[in-house]
Amino acid sequence: AGSPTLEQRIEDLEAYINNVDRPSGDASKIKAPGPGHNAWQMVSTALVLFMTLPGLALFYGGLVRAKNVLSILAMCLGITGLVSFLWWLCGYSLSFGSGNPFIGDLSYAMFKGMTPGGVGAGYWWISDYIWAMFQLTFAIITPALIFGATAERMKFSAVMLFTALWMFVVYFPMAHMVWSTTGFMCGPLNADAGIKAIDFAGGTVVHMTSGWSALILCMILGPRMGFGKVPMPPHSMVLVMVGTGMLYVGWFGFNAGSALGADAIASNAFTTTFLCAAIAGLVWALAEWMLRGKPSVLGFCSGIVAGLVVITPAAGFVTPTSAVIMAFAAGIIPFIAVMYLKKMLGYDDALDTFGVHGVGGTLGAILTGVFADPAVNSVVGPLKEGLLAAQFKAIGLTVVLSVVATAVIAFIVKFTIGLRPSQDAEREGLDTVDHGEEGYILE
Amino acid sequence: AGSPTLEQRIEDLEAYINNVDRPSGDASKIKAPGPGHNAWQMVSTALVLFMTLPGLALFYGGLVRAKNVLSILAMCLGITGLVSFLWWLCGYSLSFGSGNPFIGDLSYAMFKGMTPGGVGAGYWWISDYIWAMFQLTFAIITPALIFGATAERMKFSAVMLFTALWMFVVYFPMAHMVWSTTGFMCGPLNADAGIKAIDFAGGTVVHMTSGWSALILCMILGPRMGFGKVPMPPHSMVLVMVGTGMLYVGWFGFNAGSALGADAIASNAFTTTFLCAAIAGLVWALAEWMLRGKPSVLGFCSGIVAGLVVITPAAGFVTPTSAVIMAFAAGIIPFIAVMYLKKMLGYDDALDTFGVHGVGGTLGAILTGVFADPAVNSVVGPLKEGLLAAQFKAIGLTVVLSVVATAVIAFIVKFTIGLRPSQDAEREGLDTVDHGEEGYILE
Amino acid sequence: AGSPTLEQRIEDLEAYINNVDRPSGDASKIKAPGPGHNAWQMVSTALVLFMTLPGLALFYGGLVRAKNVLSILAMCLGITGLVSFLWWLCGYSLSFGSGNPFIGDLSYAMFKGMTPGGVGAGYWWISDYIWAMFQLTFAIITPALIFGATAERMKFSAVMLFTALWMFVVYFPMAHMVWSTTGFMCGPLNADAGIKAIDFAGGTVVHMTSGWSALILCMILGPRMGFGKVPMPPHSMVLVMVGTGMLYVGWFGFNAGSALGADAIASNAFTTTFLCAAIAGLVWALAEWMLRGKPSVLGFCSGIVAGLVVITPAAGFVTPTSAVIMAFAAGIIPFIAVMYLKKMLGYDDALDTFGVHGVGGTLGAILTGVFADPAVNSVVGPLKEGLLAAQFKAIGLTVVLSVVATAVIAFIVKFTIGLRPSQDAEREGLDTVDHGEEGYILE
Amino acid sequence: MKKIEAIIKPFKLEEVKDSLADLGIEGMTVSEVKGFGRQKGHTEIYRGSEYTVDFLPKIKIEVVVADELAEKATGAIVKAAKTGKIGDGKVFISTVEEAIRIRTDETGDKAI
Amino acid sequence: MKKIEAIIKPFKLEEVKDSLADLGIEGMTVSEVKGFGRQKGHTEIYRGSEYTVDFLPKIKIEVVVADELAEKATGAIVKAAKTGKIGDGKVFISTVEEAIRIRTDETGDKAI
Amino acid sequence: MKKIEAIIKPFKLEEVKDSLADLGIEGMTVSEVKGFGRQKGHTEIYRGSEYTVDFLPKIKIEVVVADELAEKATGAIVKAAKTGKIGDGKVFISTVEEAIRIRTDETGDKAI
């Protein structure tokens, strides 16, 4: 490629505005990251990390009893460190190296061959490094979600070991299958995908994997001592609400950031996310008001999170009006799962990871198939026919992988270092036992 | 319009940098949102939502007694859901549809006719959807501010009903009058405006409406049981300060975001906001130090918020040095209102919504007329002559509308579902009574 | 300069994408701030303010006993107001006016001669105003860091007076020497620099000055009453962790924002910051696990902050893999300083400002000399030879200036208004004594 | 001396304190307790799980008085703390053999 | 009347409450206390500084009963609160001369 | 047995505890209380409203000892808790009829 003509150079600049590929390719005089898009990607990455630290830590931390609040915080912090290290070491490469349809390869291990100015790995105008960091934030929050179900009764060492194994068996393969150009379920990017499904920001990869894994893990773990007998109310609804607000705001990075540019699709994702979450919160609280007599702060918060989960796979594919409709489903169906299904089946999903993320993620994947609109996002057009079926196939594969892998890993951990603390330790609380600290010392 | 020439295409690209209209109009090859400006608008929208969830919730929540903290959080969450739904349904359209000088129309109801790639509704380079979401965040926080004055003694159901009515009678019309191209008080955009006033980011629309409505509502509601007899100290100054920090940071989205692009005006607004808030906080605390003996954390926080309120209508119109001068007024005049005026008049403005937002908003509107500078923002030039008079007219209209409408709505609510809980309920606290939850369960 | 040709206008636009100077200079048709870069700079500025309000306030506030939590918050709020005022008055000008190699001048006092559209003071495409505000956030957090060492026993009035003097004697000169084009230690920008050192985002200016000043000040101040006898545990590890999360997220503005544009260097800085902090947190906790038996939340948090401090001077100069290596140093060396060195020497560095920022900042400055890579950042190339020696010279000068100046200022304050409260006051707690408030009133 | 222990509703504390002050009793010790009795509590619901809080917040006032003052003090407390609604609380009286003021080593009635 | 003060392990409160209810004792006052004794506490480490928490959280139950009920009530409490492990706590019994129900001015056994 | 109730200044707890340990008393129960008395409180101001906090934080120590130990223990507490400033607190002594160690059913002096 010789040096581009003036017209080609103008086309390259227009390509930046329109977030499409540089027509003059390697010859382009603007091969660096595009400032506006790259700025938004850095912001989005910061926002998604904010969802975990401290967002999720507070949302989950407020829901446990005071004696276990630090065990939640330590879980979030430990996973952040562990997954970041694994991601640099090989996780990013296993997720996004071309490899085969089911897993990547080691071509990018330790970020080999990546450069500060490199672009194109994620999308046309964002830095490859930022793409890797953006994806890292997803890899961090996903396992962290699981341990809401197992709260107050799982050893810190077991949490760490389980996470290390689960990343390799479930997360890296799922991220590769759904979002890599060679992935088995990557409808938009892989013409040869076995399952031509779509998942805008992680309904399957993040919420279904964590939700279904949480269900199995909490069943294998067994209920908390005194579950169903002694009350176990949230020790701080204030923290829960603060965490919810941070998750909500951070989720704009999660969903609108998944457009990989500050473009029209990002704007659409931002809007559907905003509306679906706010309205789902209202719907959940109204459902409580009608069925339980009072609208609760926890109801509003649960509905907002459920709305965020449900819209995640659809954010860049559906209209704002579809998002409003999805908000009603998001406010009611997970509500029923949490309020009644859980009681019926009797498992101790302590913080309702399955009820909100498992059920909500599955619901979102289905509704994405229903509401995805070519007028919103052109990638939908060619996939629309048979999309719903593809979504169900993707759901099936995701559930099977999550359930089977989690069961196997859980038993490995159980029979090596063990999953649960002693009864005395559980009664005393994990904060002093596992971490030698107390959450609050007010006197 | 045929396809543009190379020069026109370059002009379009330059227009993006300079945040002005595309010379080649519809023919432009870059009609999509401009990445840098749109990125900033998305960030600003997220920041303003952050001001409410959890910013304002914590600022107000920390100021009440522990037994009512959740009632504040539920208020913020409920308003977010309710207003978001109304906004999508017709609120956005009633605010920004052309309609008449006083109210919009239903042309954009349910976001009819809006598209992900659409631009121009708000400004040249930001997505129409993001413009709608940005404005939604303002529509959410405004009613939420009101209920600081009525804290600890207003039923949740009454808060919701009051808000629903107030949005239609006060907020949507005010937003239309001040910010719509056809608005009665929109000096910068409407050549035929009846009142050629200016309000950069919502001194009248947000702070004066909420502040003056708060005054009337808390008078109609009556004081809290034991007001003036039993002490009612803030239950957590820590939450108050956290909320203040979030409001401060979020306010950059509120003010600098109101430039509708990451341009010179945004930079100016960002700077005046930063300086005015920080210094007003210091001034308020120094005033306390001199007059009451000690500088308090609540003094710093109150001054910061007052500084933010006062600079809001002026942020993009005045110089940094004017902002510093305004900071002194912001640190002293609301301070006097809160410390002495309130005692004199004896109303129970529980969290000083009137003292800070009503007085501060009015003060800001006046000072905007005084300090607005054509050298800072070219829109000021043609309006400068007679501007102060116009500002006073706008203030008058805003106060009258807010006061009268609030009184009418308050009595409607009072005589339908009632405004206040029972005495026992008020004594027990609204958290358990209205929401069936406690804020903290530490043992 | 006549009006530029089409090609020159295209080159200007390309210069925006590539974050380099406009070839057509003053004649350029796009002299305004560049939206993408300026947007990122505004975001970064907001993020760094967020680090102080409420980030650092919570991190430090949670570490003290409940009776002193507000004294930390008031310190952060007071410094924000005071330094903002000084910055506008003359601080910015003394830091970035050309002046001489050691201090600037008054040419920009009260932002004289600055305009909303002005660019180039900081970098090619960011607003001069935003550059000034971005730097202001650094000027705010630096003194605030110092008072972690002196927590629970220094009068608020003394904190304010010390800060006012310290800014003039230590901070403004240091910022000028390291970051101004005429600065004595500004290797990248000043060809005639006496010491050709590099400091990407403030290892010397921010962390070493505050860390070493903290050490001297806490020695002069003396230990807290009962230090070593009565336990003084953190009153809220939850606040500590929330503050850590905010510091972490805000630090992306601190480090990636120091690229002064949303470009390749910013992307590199973002990535090295993310990895170094996360992994250093893990390493610190693992060190505790091995040496003290349990990984603690405070360990994770301390490691994250240490990682952030260590990577700060290096963020835009080293590869991600170097950042991972630095994370191990950051997790171990400050850990040893805090765990053992402090005990050995017996000074009461209450919140370990010296152990984390002094030791970590010095470590970072050294490792920057070791790992800085021309392939990452072209400014390194010409300076690489003899860089390590230059780094040591810069360290020496910074330590000497901080130590001597702090000692002098501390004695001035001690013998004028005094440094410490009365014994009864210290026992009662600074919140009620200095501020007339309590942090929590839960009953 | 007699020790009067009164379990009262929290919002009655100020009134009780004042009525004791009227008798010249300017010393007392107060603590937050939880009471269980006839008075019913409230119900809380957190997602699926619902439970009743039957331990209600009460204030316990302990005041040691000279024998001759005991009856008057008791009467004053009962009068001030009464709302007539279930849950008003109890007063218990017992004997204290000795009292000492730590500051002065004074003992007996002079100590209180 | 007798006042029974029991210092127990917090998680035993519900059981003790129920076993008293079985005796028809539907009133009691509970407070959070910290106990010091044979039972050893745990160690906490915050960065450099390490210390042992030897004051352990306990629950104090105060229940005033008619003389004839005292023994039964004491037995019930001891039975319900026992785990056999160090730190189970103590029960102390003393005399209360008078009890008054604030709401009704009833005194003596009728008051409790 | 005697029950010694001491209301002391919070920062004196460690010293009192140690001085009791010197007498071989290794068990006690402690609670946070608020005290009202001669000692004046501080004033707090929140925006317009100013008020004085006259209930001051105190620590209440309850220790039951064999009769013969009562005097020694009391003396030790008074000595350790004294600062000589107003607000040092009080010690009250009363009779306990019976004590039971829940873990072992031991009674009387053996129980404490």
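Order as written gives the chain letters A, B, C, D, E and F; numbering starts at 1 within each chain.
Following the convention adopted for this analysis, contacts are C-beta pairs under 8 Å (C-beta built on N, C-alpha and C of every residue); 3 or more make two chains touch, one makes a residue touch a chain.
This structure is a prediction, so every number in the text was calculated from the model and none was measured.
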Please identify each chain that touches chain A as well as chain F.
B, C, D, E
Proportion of interface numbers common to chain D and chain E (over half same, under half different):
different
Of C-E and A-E, the pair with more C-beta contacts is C-E
Matching chain pair for B-D (criterion: over half of the contact pairs shared, by residue number), options A-E, C-E or A-D
A-E
Per the C-alpha means, the centres of chain A and chain B lie apart by a whole-Å value of 32
Whole-Å gap separating chain B and chain E, where each centre is the average of the chain's CA atoms:
53
Can you list the residues of chain D that touch 2 or more other chains?
31-32, 44-46, 94-95
Hunt down the residues of chain B that sit against at least two other chains at once, touch-wise.
6, 10, 13, 16, 34-37, 39, 43, 233-234, 292, 294, 296, 298, 436-438, 440, 442-443
Where on chain E does chain A make contact in their complex?
11, 14, 42-46, 53
Touch list for chain B against partner chain D, complex
230, 427-428, 432-433, 436-438
Under the stated contact criterion, what part of chain E meets chain F in this complex?
2, 6-8, 31-38, 55, 58, 60, 74, 77-78, 81-95
Under the definition above, what is the set of chain A residues touching chain D in their complex?
231-234, 288, 292, 294, 296, 298-299, 302, 338-340, 342-343, 352
Quick one: which bits of chain C touch chain A in the complex? Just the residue numbers, please.
6-7, 10, 13-14, 16-19, 34-37, 39-40, 43, 47, 65-66, 125, 233-238, 241-242, 244-246, 248-249, 252-253, 256, 261-268, 270-271, 274-275, 278-279, 281-283, 285, 292-298, 300-301, 303-304, 319-321, 324, 375-377, 440, 442
